[in-house]
Amino acid sequence: MTLPAPLTGVVPPVCTPLTPDREVDVPSLIGLVDHLVDGGVDALFVLGSSSEAAYLTDAQRRLVVETVVSHVAGRMPVLAGAIDMTTPRVLDHVAYAARAGADAVVVTAPFYTRTHPAEIARHFRVLADRSPVPVLAYDIPVAVHTKLNPDLVLELAAEGTLAGLKDSSGDLAAFRAVVTGARTGTGITGFSVLTGSELVVDSALALGADGAVPGLANVDPAAYVRLDRLCRAGDWDAARTEQERLCALYGMVGAGNPARMGGSSSGLGAFKAALHLRGVIACPATVEPQVPLSEEETARVGKFLAAAGLL
Amino acid sequence: MTLPAPLTGVVPPVCTPLTPDREVDVPSLIGLVDHLVDGGVDALFVLGSSSEAAYLTDAQRRLVVETVVSHVAGRMPVLAGAIDMTTPRVLDHVAYAARAGADAVVVTAPFYTRTHPAEIARHFRVLADRSPVPVLAYDIPVAVHTKLNPDLVLELAAEGTLAGLKDSSGDLAAFRAVVTGARTGTGITGFSVLTGSELVVDSALALGADGAVPGLANVDPAAYVRLDRLCRAGDWDAARTEQERLCALYGMVGAGNPARMGGSSSGLGAFKAALHLRGVIACPATVEPQVPLSEEETARVGKFLAAAGLL
Amino acid sequence: MTLPAPLTGVVPPVCTPLTPDREVDVPSLIGLVDHLVDGGVDALFVLGSSSEAAYLTDAQRRLVVETVVSHVAGRMPVLAGAIDMTTPRVLDHVAYAARAGADAVVVTAPFYTRTHPAEIARHFRVLADRSPVPVLAYDIPVAVHTKLNPDLVLELAAEGTLAGLKDSSGDLAAFRAVVTGARTGTGITGFSVLTGSELVVDSALALGADGAVPGLANVDPAAYVRLDRLCRAGDWDAARTEQERLCALYGMVGAGNPARMGGSSSGLGAFKAALHLRGVIACPATVEPQVPLSEEETARVGKFLAAAGLL
Amino acid sequence: MTLPAPLTGVVPPVCTPLTPDREVDVPSLIGLVDHLVDGGVDALFVLGSSSEAAYLTDAQRRLVVETVVSHVAGRMPVLAGAIDMTTPRVLDHVAYAARAGADAVVVTAPFYTRTHPAEIARHFRVLADRSPVPVLAYDIPVAVHTKLNPDLVLELAAEGTLAGLKDSSGDLAAFRAVVTGARTGTGITGFSVLTGSELVVDSALALGADGAVPGLANVDPAAYVRLDRLCRAGDWDAARTEQERLCALYGMVGAGNPARMGGSSSGLGAFKAALHLRGVIACPATVEPQVPLSEEETARVGKFLAAAGLL
């Protein structure tokens, strides 16, 4: 299908369920997709950070995108992350994602290597030139250690290099600069500005964002869809109440003991534990070297679900 | 061949020559290896940061390691970088490198994802458990944004997980902690502590390092071999003179205009321009999205070569 | 006067006008205070980052707080920054600010020295214990290089250590955690949560913030007051329009050439140039070693004022 | 006295002993100075980071510099830190230090505020212009969050702005650039390049540094003097042995539990505990908000002393 321009609404970054021996659990992945589609989401984003893309082998990544695209079968757009260090490596991921039928790819600035604004611009231009599908920029400084400059994003939008932005920077002021610039900028049409936040989706939509890509939408997709609809209807008080409920639920990402594990193990582990406790996936395993949640830590996740009425 | 324990001496991180359309230039790569072997180096390290490993596709990486191992044909050890974000992805690189005949692999801490000391330890333990060849740790905070803790390195050395350390952290005090600990620690034998610095090789060897992995050794391998031999002979005054000559030569990494490009474009571009000017490789191209040196910038590289008597 | 609990509304961080030889320009300072009071602001914050507190000597700081408190004469609360590296040094600033009649002090986490969450907590507890006036925390990671943890802020709020938070972190999600926690937390009453942002004041107020401390309010206080009132009235569309106008005006902070100066020189220089162009202060000088704006750069500031209808 | 040009040898950053109620303990300070002078040191540096300058009030700082200058009475140079955020504030500290008779002041780049290379240059130029005594630059990125560029340092040396550099950056390669540049640069004479490291003093002297400013020299001044003399004599093997002994002793800085306190509390607490255990000072207190070492942690310091033959 053609990517809507702009893409709007709730676009969950789909978790990647694993078997106990850490292979992609295809039936669980299909079950998770059904859970999200039933929740009313508007599109799917596979192979993002919440999907543990950084941990999946190329073969696993391919299997994920093929499985999801084939199962969705055109009912909604499927975006695929193409997360790698530099242009040529990203292009290899773009190739199989496009071949599998992904409707767009989502790409970060170069990382691992030292980079430069001119090189970031060149990166996206070369990618857009060679990608058979639209390219969205993925702004995630916590992972790549540079922040995409709003002016650069708008320049790349105006020239047709980028079809959208997925912003996981946490910097709402810079995000607003892109939102406002995309609305008022010369030559920019259909550019999709999406927040990656779980916690200020109402704020992002209020200032004009097109949609949200919240990892927590794996656990409670219907709530993010409700939140999105309330914002679109201008019912800001009810939206805030729903958002605050989701902020409380998001507390689950702190379930893991920080003396034993990092934020990825704890956060992605919590999402998967929640999906397992809710019966959506068969096994809560995360990829190595992430540290699994203990029973006690998993019980903590359960309490967040219970408090949110999800158990 | 079996990796010497410890590996000592000069181990250049081999640049990856490219054709003008940015494919691996196999004849130039072989020429570069001959240039290094003729310079008297003790081993080779392919697919490190100076090799543009972060920019090469998997197919190109495979071609590089196969080409070099096959051409070296056992005359000296060949180490291969296995640079990727997390354990399963690194293991894919380890597999083809070992299959190609690399004598050891060199692996960083996880990157892109948020990490934790316990996860870094787990990463190396899983890798060592599944790698058919010895694993050296690659400490490169500028790329992965965490620093390997000397105590952890020594613990992993003592238990046999790690065969060595390639330190590109720039932190000589922490490096010394590993050097001294590896010499005096219980149960540590044959652990190889290598500095990745171009600029303080004499200091590193003076405090007991086993060897050096200087990117600039691509340009002037014989000088680093002389430096290494002077240090081993205890001729510190002559060593310092040679080291200072190499520090001056290293100034070439600033040839690129920082308004136009980042440190990788400038530094790796300078190494390749120098190799091209010296007639070692056929083309100075670097991988996208790096910005090529201009003619004027290349001329600046030439002046550094001339000043060092290398033109 | 007693600090309102919570303090709400627009609280400009008052710029410090200087004479050409860089002494405090008392008549201009009084004129600026009148300009702000006439604009309808709810309180004043002297000796914050926008006041160039980091650049003023102790004698100058004392003069500023004495001048403003005396001129305001109880018409509205005056908060005073007490910006210094550690507890004993901050206490010296607290002493003269309280003596001058400031209604509260605003204090950052320790900086310059390496710090720790337990030490940050201890810092605020000792300060609150010894300060004759209420203490607000100032969260400004760009300056002090640590971020205040929302849980710690709420703990210090609940125990009565802190009377409020001025958040210049740019992290709206963490800010929301404090706002929501202050509203729902046990034992927290009258705690004031203020955003330091110029650009997302509407977002901050929509999610429940008590007020804003925007540096740009020096230039256009009436607009921030309008924005605040629109938000309180729930007129979010009009608020967004006003906020976007202010975002455009804020573009002035980029007037200085980044090849010649840093963000402080450019941003604070632009505020002062704007106040000078608007006739509020007599001289646009900033403190050394900041670089003054050139004529051309000052003209750029003028264009932002003109576009906003302020010239 | 006139500052030697260059200043050479061992220049301990003098700890600031406190009474139990955290006032400057003048008799202990005098006792510590005697201990250092008896150890054979070449000069003293008061009010540096190891002196807890960031924690001392202006009155305490003044008392320290007056006490030490007066007690030393010209027997050796006394340098004084003038640690503050920006030029005018630093000048206030320079004034009382010079009035007290300090032979030079030691000054960092601006901090807290956002800065820029041009502003750092201007900072030092204004200071040098107005300071009655020579100015040394203090490169301490861990505190001020910028690194002094070697080229800038050499430019400021050549023009006579700076009399020396105290390098606590941990970057030996950049340090070497200054050392070599100061030796070979046009128009640079008498510029003093001092390492702030405890752990690679032998390396720094081997590559041409003039001296060292090691905090640990408070605890064992004679050892650093021996190390310095061995290096000057070219007895590198004996120097390395002494240096390694001091590296082991330096392990004391990890005595504090990192779950309870930061690196400053632990490191400076350990130095003071060691001075107390050795009978040099009357009380091991550190300034608030630093966390005191527990009895168990103090006992750990004692073990390091015992292992080094210092108890």
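Letters are used for the chains, namely A, B, C and D, taken in the order the chains are written, and counting of residues starts over at 1 for each.
The working rule: a residue touches a chain if its C-beta (ideal position, glycine included) is under 8 Å from a C-beta of that chain, and two chains touch if they have at least 3 such contacts.
On a predicted model such as this, the values are computed, not experimentally measured, just so you know.
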Common touching chains of subunit C and subunit B: A, D
Reference subunit D; chain at largest CA-centroid distance: A
When subunit A is superposed on subunit D by its C-alpha atoms, the rotation angle in degrees, nearest 5: 180
C-D compared against A-C, more contacting pairs: C-D
Subunit A and subunit D: spacing of chain centres that average the CA atoms, whole Å: 49
Averaged-CA centre spacing for the pair subunit C and subunit A, given as whole angstrom: 35
Category of the chain touch graph - line, ring, star, complete, other: ring
Pairs of chains, among all present, that meet the touch criterion: A-B, A-C, B-D, C-D
Residue numbers on subunit B that touch subunit D, as the complex places them: 170-173, 176-177, 180, 197-200, 202-203, 206-208, 234, 236, 240, 243-244, 247
Subunit B to subunit A touching residues, read off their complex: 22, 49, 54-58, 60, 83, 85-89, 91-92, 110-116, 118-120, 122-123, 126, 142-145, 260-265, 287-291
